[in-house]
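Could you have a look at this structure, given as structure tokens, before my questions?
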Amino acid sequence: MIVVMARGATAEEIKDVEKRITDWGYGVHPIYGAERTVIGAVGVPEADKARYMESLEALSCVEQVIGILRPYKFASREFHPEGTVIDVKGVPVGGKQIALMAGPCTVETYAQTLESAEACYAAGARILRGGAYKPSTSPYSFQGHGEDALKMLRDIADSLGMRVITEVMDPRNVELVCRYADILQIGTRNMQNYDLLREVGQVKTPVMVKRGMWAKIEEWLQAAEYVLLGGNPNVMLCERGIRTFETYTRNTMDISAIPAVKELSHLPIVLDPSQGTGRRSLVEAMTRAGVAAGADGLLIEVHPHPDQALKDGAQSLTTEYFGPMIERLKPLVEVCGRTL
Amino acid sequence: MIVVMARGATAEEIKDVEKRITDWGYGVHPIYGAERTVIGAVGVPEADKARYMESLEALSCVEQVIGILRPYKFASREFHPEGTVIDVKGVPVGGKQIALMAGPCTVETYAQTLESAEACYAAGARILRGGAYKPSTSPYSFQGHGEDALKMLRDIADSLGMRVITEVMDPRNVELVCRYADILQIGTRNMQNYDLLREVGQVKTPVMVKRGMWAKIEEWLQAAEYVLLGGNPNVMLCERGIRTFETYTRNTMDISAIPAVKELSHLPIVLDPSQGTGRRSLVEAMTRAGVAAGADGLLIEVHPHPDQALKDGAQSLTTEYFGPMIERLKPLVEVCGRTL
Amino acid sequence: MIVVMARGATAEEIKDVEKRITDWGYGVHPIYGAERTVIGAVGVPEADKARYMESLEALSCVEQVIGILRPYKFASREFHPEGTVIDVKGVPVGGKQIALMAGPCTVETYAQTLESAEACYAAGARILRGGAYKPSTSPYSFQGHGEDALKMLRDIADSLGMRVITEVMDPRNVELVCRYADILQIGTRNMQNYDLLREVGQVKTPVMVKRGMWAKIEEWLQAAEYVLLGGNPNVMLCERGIRTFETYTRNTMDISAIPAVKELSHLPIVLDPSQGTGRRSLVEAMTRAGVAAGADGLLIEVHPHPDQALKDGAQSLTTEYFGPMIERLKPLVEVCGRTL
Amino acid sequence: MIVVMARGATAEEIKDVEKRITDWGYGVHPIYGAERTVIGAVGVPEADKARYMESLEALSCVEQVIGILRPYKFASREFHPEGTVIDVKGVPVGGKQIALMAGPCTVETYAQTLESAEACYAAGARILRGGAYKPSTSPYSFQGHGEDALKMLRDIADSLGMRVITEVMDPRNVELVCRYADILQIGTRNMQNYDLLREVGQVKTPVMVKRGMWAKIEEWLQAAEYVLLGGNPNVMLCERGIRTFETYTRNTMDISAIPAVKELSHLPIVLDPSQGTGRRSLVEAMTRAGVAAGADGLLIEVHPHPDQALKDGAQSLTTEYFGPMIERLKPLVEVCGRTL
């Protein structure tokens, strides 16, 4: 790390900073410029860096402390140069095949979920999505059917030979959700819910960490690091749009996060164009953009009757639309050297 | 609510929307313009509006649905025209007196916390802040001393006659934290952690809901609504900065949120200039700005030796600085018609 | 437009608003709800709406005024359902063929520009980009060679049979730049420089309006409306990234703006992945994403020796990289039903 | 500046970077860490730094280049430790006295401007604001009366003994506007209109540079640097809100920019709470906050009949409200050690 001393820092203050660094056991390399002194600290391990940086930044004689290495280790591509492939009970996420995850936003009824699941399966999806616990901005919105929904999802998925991805919001429910789900989804609002991240780090069920709508890529990878550090190596990421000033779309999808994550990390990255845009009419174009940019998976909301949906109908595709859309996608997948 | 039909919506589609609205039991008032038809729905209660709006937005013949009333009820000033004063075991938050909450970012040791608390008490603070469970972006940063820290906080506060505010992150810890704390703080990262919000809605201990760094004022008030709806009327808000493109400050403090909340809601609003700026040198100016804008309380990080702090030393004031700063603040408080 | 009266607005105030609207010659349709009165105004033409909305919003008895129709006319797809194809002296922008615009960020020397142009031409580009007047955040950065650069661009483009796109920043230079350029580029910083927009509305040379880094899609289309209203029908748009909190990329590319613009407007839309990402390593992935999402053109920085570039070398592709990248792009273009 | 080499950079690449730096005439201080090499370059003057940093960032063997010193010189407090006081024909901006600038958003008629000006003068304002050239998002909005408005402003201001501040948008109008105005306002949309900045750098009339709604403080100070570098030392800044995701207010006022600018620069800083909030009901609270935070001036929209205003009536105070508001402000000004 690089410590930039404040203008006018005294020789004594510079000495004091150097002493702190050597006391921690690291090498000190000062550069005395005309207007500022800069001190390089060599050999500081990842696990201590955040703490030491904060500690030096607190000194009034220090202007800023700059970290050179990435603030995550297990999530970094340097740690694991090959891209990770997660085995979701036989269905891979990562690698050449693009994982197609689809289903209703929320499990409302058995019939609706089954109808959606059948259409998704017919289109090629092998992972069924569906909300049992729903985060809603308004306390007056539908909050999900909980364990009943989990049972339906499991039952329907098993009958079709699909895997289940569903969100877990409460650390107390992790064990319960693990009984029914094949992938645990950490929603955007919970990306920095550390107790939840620690809890899903204790199990072996694969975890999808959705990007916080306010989160820099670096913070998102640190959220993944929480899970990895807990001992669960099966982590995938999901770009679902960030919050900006634009109001035409519900969020602004950061498609450049796909190649960015690919160069920074070995973890698979999935795209959610339904939440990302909030508009049915934009989902197909963004699905195609995501595949072209290198996404490892797609998470898409499909509803047999969006106009009767309890949640997010405006961004759900109809079952009639979804199948042909995937057919139109296949040639694109192929020229990208992937399979579906 | 106002339903804007898409251009080219057919007479049949317009009828269908009108029928849905009347089936829900509400009045229908269509306006047929040259290019668009707009349908007013009258009598839709708050508790159903979010659901019905989503349901109509899902129709492809609908361009947008506009809510006219605020999407919260118990948090609104219309519901409770008088400003709320929360009684924190004899210390008011809300009303004429500005509540001064101060202490270390994190409880590190008994001695450090005591030294900070004594200085804060001497300066006039009657509520002691201090982190026992710390949310940290990096899993390698210090995460807090947990229950040991809670005990120290309680013990020190009692010895000085202070109240305790501290963060609760995990719904499983709400009962535990209630045993030691007088105000439960919901941190910025957990503003939409609904299981946690529901849990603190079940107790009577006052709750401070910090603004999510990505949250619109309307969403923040809906988070408060979760707690109020759960049955806990003792909710205060805290503005602590939002995330923008500016990098000089850690967050961008939205001072205009103070008068905005005052016109929209009856809940007391506290300002956190330490987290809001992330820079010690800006804390005093922002404290003054907050008081001038009408804040009901201040939450300030004070550390006896910021350069030895384990967390956020760069934004902590020294104990030596804090007392005189509060003295300088008093004339300002007075001309604003408040007391400290 | 829809006028939402404030809670507690008196009968007299409601009458007054209704009278204003009928005095302007429009129809009035009030809806009296339990808590709010809402007044629909029918027949307000685009050209007057902005003014009348502002005027009603100024009344203290009015809570908000909601525009139903888009605040632009000539730029809207409703006005011109077919997508526009602009003829740049025989090279189309819009339509089936994707327009490839490439060249150096800035014209530095004749040799550098020629080397870049030849490589771009060989790869299939028929429109040469290059900066003669450069907007630079720092007054100490290189500001461009001005007319000398324009001459070089023209000369090199003519020798290869290419068209020229270059930025014009100063309304006083529009005539001069028109002498050399085939497309006038309005840079991101000048998207709301109305005197410049009016000036380029007076000529017939095609104009590319880059999105302001702070601009909503609706505001961007209003900027295009300024040019169209001036009488120049040859307007194309360019998405080049917006400003968000993310710092890994220079801007956040809003790929969803491509299909969004396609549904709102008939104007062709070009993508600039070089400015959009600010990182050479992300340009290819974003180029592919843009084509998959439906972009009508690509604007890419190519430099023979980026390490010797005076401006933006970090985001420029090398001439060696560019040709093979376009070859890899061709199958993708084809499966999207386009040509290059 | 600090050059961080990419992981795996070869000895040869490191040598090449060192050679470039020494060829420019600067000192080289390499630090060889376990995972990265970092090279400090000492003695690089401000005027060359931007160029050299860009040039090194373009190398694929370089991960990033970090500037240590601020990218502006004449605007920095280091260059000019005392706060600057600008003499606007006898009315100071900067220093102990807070400059009160008020008047209508736009000059509509002589009578309206006079009525507003008289009320502002009576309340203590000595600088009259009023728009002659109005930047409007919509080409259908009122664009200002141009020179006729300038004449009215001058005439009314002279009759009352006031100074005039008004916006100049077009570099061709700088000379014209200088004939009537005492302060040239650069609007938020033109903060990076460099031809305009250069033009107002050629005159001696004081210039107010409003912050771009997308601009970091550092970029804003570089915009001021353009004017200062041109030879005009009379530059003041104006915080008028930045663009964020919040929609309740028109912009988010960054009050922390006031103390931040004070520590970084010697230039006076004015606050515009009318544009900043877009809501009349928030103007007084934000005015008070700005004074408490240390603003050197206030720029406030006052209209005799906001409901008849052609522009921005929703954020204009009435003349009846303005006088008493300033009276209520005076005790606050006094306890802040300022005068009005």
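Worth a mention:
Letters A, B, C and D mark the chains as written, and numbering starts fresh at 1 in each.
The working rule: a residue touches a chain if its C-beta (ideal position, glycine included) is under 8 Å from a C-beta of that chain, and two chains touch if they have at least 3 such contacts.
Keep in mind it's a predicted model, so treat the numbers as computed, not measured.
The most distant chain from chain B, with centres taken as the mean of CA atoms, is C. Comparing chain pairs B-D and B-C by the number of C-beta pairs in contact, the larger count belongs to B-D.
Between the CA-based centres of chain C and chain D the separation comes to 26 Å, rounded to the whole angstrom.
Work out the mean CA point of chain B and of chain D, and you get 31 Å between them. Taking the mean of the C-alpha atoms as each chain's centre, chain B and chain C sit 38 Å apart. Counting partners per residue, chain C has 214, 243-245, 247 as the residues that reach two or more other chains. Interface residues of chain D facing chain C in the complex, by the touch rule stated above, are 46-51, 54-55, 57-60, 71-72, 135-143, 169-172, 189-190, 192-195, 212-214, 219, 222, 225-226, 229, 243, 280, 306-314, 316. Interface residues of chain C facing chain B in the complex, by the touch rule stated above, are 2, 4, 7, 29, 31-36, 38, 40, 42-43, 66, 68-69, 78, 243-245, 247. Those residues of chain B lying in contact with chain D across their complex are 214, 216-218, 242, 244-249, 252-256, 258-260, 262-263, 276-277, 281-282, 285-286, 288-294, 331-332, 334-336.
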